[in-house]
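The following pair of complexes shares a single chain, chain A, combined with chain B in the former and chain C in the latter.
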Partner chain A sequence: MKGFRTWHGLLLMGLFGLFFLFYQGLWGDPTALPTVIIAEPAPEIIAPSLYGEKQMVLSEHRGKVVVLNFWASWCQECKLEHKFLLAIQKRFEDNPNFVMYGVNYQDKDNLAKAYLDQHGNNFEHIVDLKGKISIDYGVYGVPETFVIDQEGVIRHKIIGPVLGDTFSDLVQNKIEPLLNQSAPLS
Partner chain B sequence: MNLRSLLILLFVMTSSFLGVSSLFAQTEPLPPALSMDEDLLQQKTKEISRTLRCAVCQSESIWESNATLAIQMRDIIRERLIAGENADEIRAYFVSRYGDYIVFKPRFRGINMLLWGGPFILLLIGGIFLSRALRRWTTQKVEDAPEPLAPIDEKQRERIEAELRSFK
Partner chain C sequence: MMIEIGHFAVVTALVLSFVGIVTPLIGLKTRDATWVVVGRRAMISMFVLITIGMAAMFYGYLTEDYSVKYIYATSNSKLPIFYKIAGLWGGHEGSLLLWAWILALYSMLATLIHWKSQPVVMPYLILIESIVLCGFLLLILFLSNPFERIFPVPADGKDLNPLLQDPAMVVHPPLLYLGYVGLSVPFSFAMAALFSGRLGEEWVKATQRWTVFAWLCLSCGILMGGYWAYYELGWGGYWGWDPVENAAFMPWLVATAFLHSTMVQEKRKMFKVWNLFLIILAFSLSLIGTFLVRSGILSSVHSFAADPGRGVFILGFVIFMLMLSFGTLMIRSAKLKSTVRMESMVSRESAFLFNNLFFLVALATVFVGTLYPLLMEVMELQKVSVGAPYYNAVFMPVALGLVFLMGVGPYIPWRKSKPENMKKLLTVPLLVALTSTILFFILGVRKPYALAGLAVVFFVLTAIVIDFNKVSTFFAKREKVNKAQGFVSAFKGNPRRITGIIIHLGVLVMVVGIIFSSMYQAEKILIMKPGEEVNIKSFRFRMANLYGVKGVNWGGQEALFDVYQDGKIITQMRPQKRFYTVSQTPTTETAIYQLRMGHLFVTIPEVAPDGTWARVRILHNPLVLWVWYGGGIMAIGAFMNIFRRDRRRSVPVADSKGVIPEVSPNVAQPTR
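Coming up: the complex of A and B.
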């Protein structure tokens, strides 16, 4: 094309790049949150059980797939996902290489216990006393769910409730492949 | 007990006390917190908190926010300062957990370099574009200017003047 030079092309590319950035900024998902902790070693957790029986030490579960679910009794979305969490525990409870913990977040012990009494409970829960566990895991709010592999590496993070397709995806595409040692990161 | 025995006993007791004290001093060094003034600690916590975004708020730093998460983050900053970490180490900790999103001032690396250098690159591209355009416009003026008229001879001049006189 006559008169079309390299710098014209660069200018067009620059303008296209700017347009793309504006598009991302204006029509991108404003609720999308960055996740940087995937594929990183899971921070150590030493926390008391909600029922005060014993202390949970995450590193003692090395060799197992660990599911951590951050929840609170005041969280409405947690109520929606609770029966799905119970279903996950029920599905894998016989597998010695699986363990699931609830991490009670910014809550009161009596309210958390009342919540579990009301909605049912079949897995263990620990208390995040000063928010240290939540911040160590880069938690923005509840519910959030993490899947940690046998090597103690965080493989998946789910922001929001685990229900419907998210539940199926978590069970079939995340936990089961990890237990079978054939899982990709997400 | 005579005076000499008393002096020896006193010497042995003092030596033992100093020895035990120095032993404790070696095994239990004072943590940095004990040497940090509370006002200074508060000031440092404030300085670092103001550079970190509250993860659950809209455009608020964790210093300005009263959200529980922000308060807990401030407590962690304080604890880490007490443990002897500096501001960069504390910020790096939060970035490792929440990504660059957590800092108000993005770090100069990776895709962030586009944020820092982008305006200057655009300014440079704009400058090149403008200078080229200006050069073209000025060149065009010279090229498009009418050719200077050839001087007319005496015969033509007389003819023109005669025609002009005929209009009067």
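Coming up: the complex of A and C.
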């Protein structure tokens, strides 16, 4: 074509790329976008315990390494990771600077309790009543696991089940260094 | 009944928009102006008809006709009348109707105002505006009809989103649309220039005021939105780099670049293709912005219900408009070789070039930041959201560069500047900038960005003061009056330039506000019970009480804070946590105390169910008011620019030293 220049080509490419992107974007779900909150102060949590005994207030655990695990009884992958979670608790439960909470996500009280009865339980669980905690933490699926440091800053986020390599990585490279105060940020 | 009349009127407007498309085409083909006259009548009728549609909706709101689905969704009998009217743009359907109405208004006004002076442009103007209007009317009537009824008729409305029940929100959308849509006038003129091949400076000159007006509305709309986010959303900041904010900011950036670069075309007949490209880009971005907001493909505080069908239609329309405009530009631009070359890199032309470059880089950073999450999602990579750290790192240096240019661009001569002139021009401002940096460092400003920002602000300020002094002295001498009167004469001699500089001053004020309110903000978030105290900077906050309150259509809790400074109580603040009963929505009402042009800002985002404690967020935003003062000064400058009287052209005068203060750049350049 006469008079065709480089910028014409670039402009057309840019335009078509944009159109493609927009068209594809129409079929996605933007609300599923999480917020990037690694290295951010962990949003405060004030939530009732699953067994209704007392309230959990996250900021009261300042000075401890807090592991939050979001789970639900309807979640298949949660069942896979459950024994590893029990193992984490077992391994660190004697350390006064460690605490782990399960966050029960979009679940029914009795189903959640039945799940724990069936799969065993050795740590505390709280209930995310209105999905507020999950929204604050940008959780868009279960399981997801967060590690919060002594200063109350979110240091790690693991999407998907904690098992195999993920498990050893979490224990050896994430939780332990934090407890020993020598941790890099993921 | 009224609703049906309004509905019918808008349907008729749609039919007329086809008339508006067809008649100018026939007119151009047959060279018969009567066809264009028919097009003009269609244009006027469309405005009248859409106005009837709007009136019908208002009537529905005021008579509380909840059989209309949209009114049911956005209003309630308990609402104050002010918000009943604003309910029209409280949702998707009504916003589009407002969009179409403003577009029809602009189209009609542009047709009537330029009918005599720009006869050649008219058929194209009517054609382009009709196409855009047609697209929007199709969208309104077939995919988002505000006139739709529901049965059974609900007893009362669902209420307007409480976040929108706010004075700033009543004017924010119309202003923003006035800006977005206002760009369609220069866009249509540019398209007319491309189609007709009359690619001189005429279209630029004819549309300058339209562009400034659209720019003014867009600026005010953006600022208003920022103010709303500041105290209604309880962000504590006025700018969150939210995708929808960005969608309004991007056309603003390009419109600003366009306003600057057209000056080069007017004075030096350069940048012809570039200006066409810019205005097409600006209007395209406002269409893309509409698409991004309305299709719901990005998550943001402005989330509207996502509807792929609607999204596909708007996208199709955007593709059509972009291909039409950019395609024409590509085909026609072969004709447009700039006849004038840049003579030196040290000239005002090149300053403008840098200005444009910086604006486009700024645009690119915002564009990438806005669309990056979408790209990642489409590529099925990890989902991300881009936040303030990215923008601070990438956007801020560009913004600083732009501010710096304000101190150089307006003061170096066209064509070519001698090195010794440059030295003369820059020495004093640079020295002042350096001194101020040292001074601020001693005063305790230690953050590099803050220091750099203040240095640049003082550099530009000095350049402006020197220039004002120079022109005032020049006119004072010539007319043998004092300096103040000399300044007035200078203003009369070249209002366009002086109003431009006033806008620059506004930018400086705003930059200072942004620097202090963002970099020296202090924040505390904590849980407090009545009787507890907290210190922030030199202030002490004591929560005196926490109690229930009730309004017309909401209930909630209020906290009472006593604020002390140096042991003395300075004020009491009452933030609220409200719950709107009809729509079941909670909101946080901010308490703001103004103090030395800064704000103390308190919100209670969460209150214990038993009312014993509240989560409290306290902020001190120093000099935050300067952000809006700066915006106000910019608006005044833009207003004066629109209504300036400089149709009479003065004669250029050179003073004896050979330095010509910029008295009137409107003087015709010698023809080349």
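Going forward, the second predicted complex is superposed on the first by the 151 of 186 C-alpha atoms of A that agree within 3 Å, B and C clash if a C-alpha of one lies under 4 Å from a C-alpha of the other, contacts with A are read in each partner's own complex, and residues count from 1 in each chain.
Methods note: a residue touches a chain if its C-beta (ideal position, glycine included) is under 8 Å from a C-beta of that chain, and two chains touch if they have at least 3 such contacts.
If you're wondering where the values come from, they're calculated on a predicted model, not measured in any experiment.
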- Message: Output check: A:D136 vs chain B and chain C. Expected answer is one of first, second, both, neither. What do you get?
- Response: first
- Task: Based on the superposed arrangement, let me know which partner A:L11 touches: chain B (first), chain C (second), both, or neither?
- Result: both
- Message: So in the superposed three-chain picture, is A:S59 touching just chain B, just chain C, both, or none of them (first/second/both/neither)?
- Response: second
- Winner by number of chain A residues touched, once chain B and chain C are compared: C
- Query: Of the partners chain B and chain C, which touch A:F19 in the superposed model: first, second, both, neither?
  - Reply: second
- Message: Is A:Q106 touching anything from chain B or chain C once the two structures are fitted on A? First, second, both or neither.
- Response: first
- Task: Return the residues of chain A at which the contacts from chain B and from chain C coincide.
- Result: 11, 18, 33-36, 140
- Contact set on chain A toward chain C in their complex: 2-3, 8, 11-12, 15, 18-19, 21-36, 44, 46, 59, 140
- Task: Show which residues of chain B lie in contact with chain A when the two form their complex.
- Result: 55-56, 68-69, 72-73, 75-76, 94-101, 121-122, 125, 128-129, 132
- Item | chain B partner contacts - residues on chain A that touch it in the complex | 7, 10-11, 14, 18, 33-37, 40, 106, 130-132, 134-138, 140-141
- Query: Which residues, counting only chain C, touch chain A once they are in their complex?
  - Reply: 288, 291, 295-299, 303, 306, 308, 311-312, 315, 318-319, 322-323, 326, 330-331, 334, 371, 373-375, 377-378, 383-385, 387, 525, 527, 606, 615
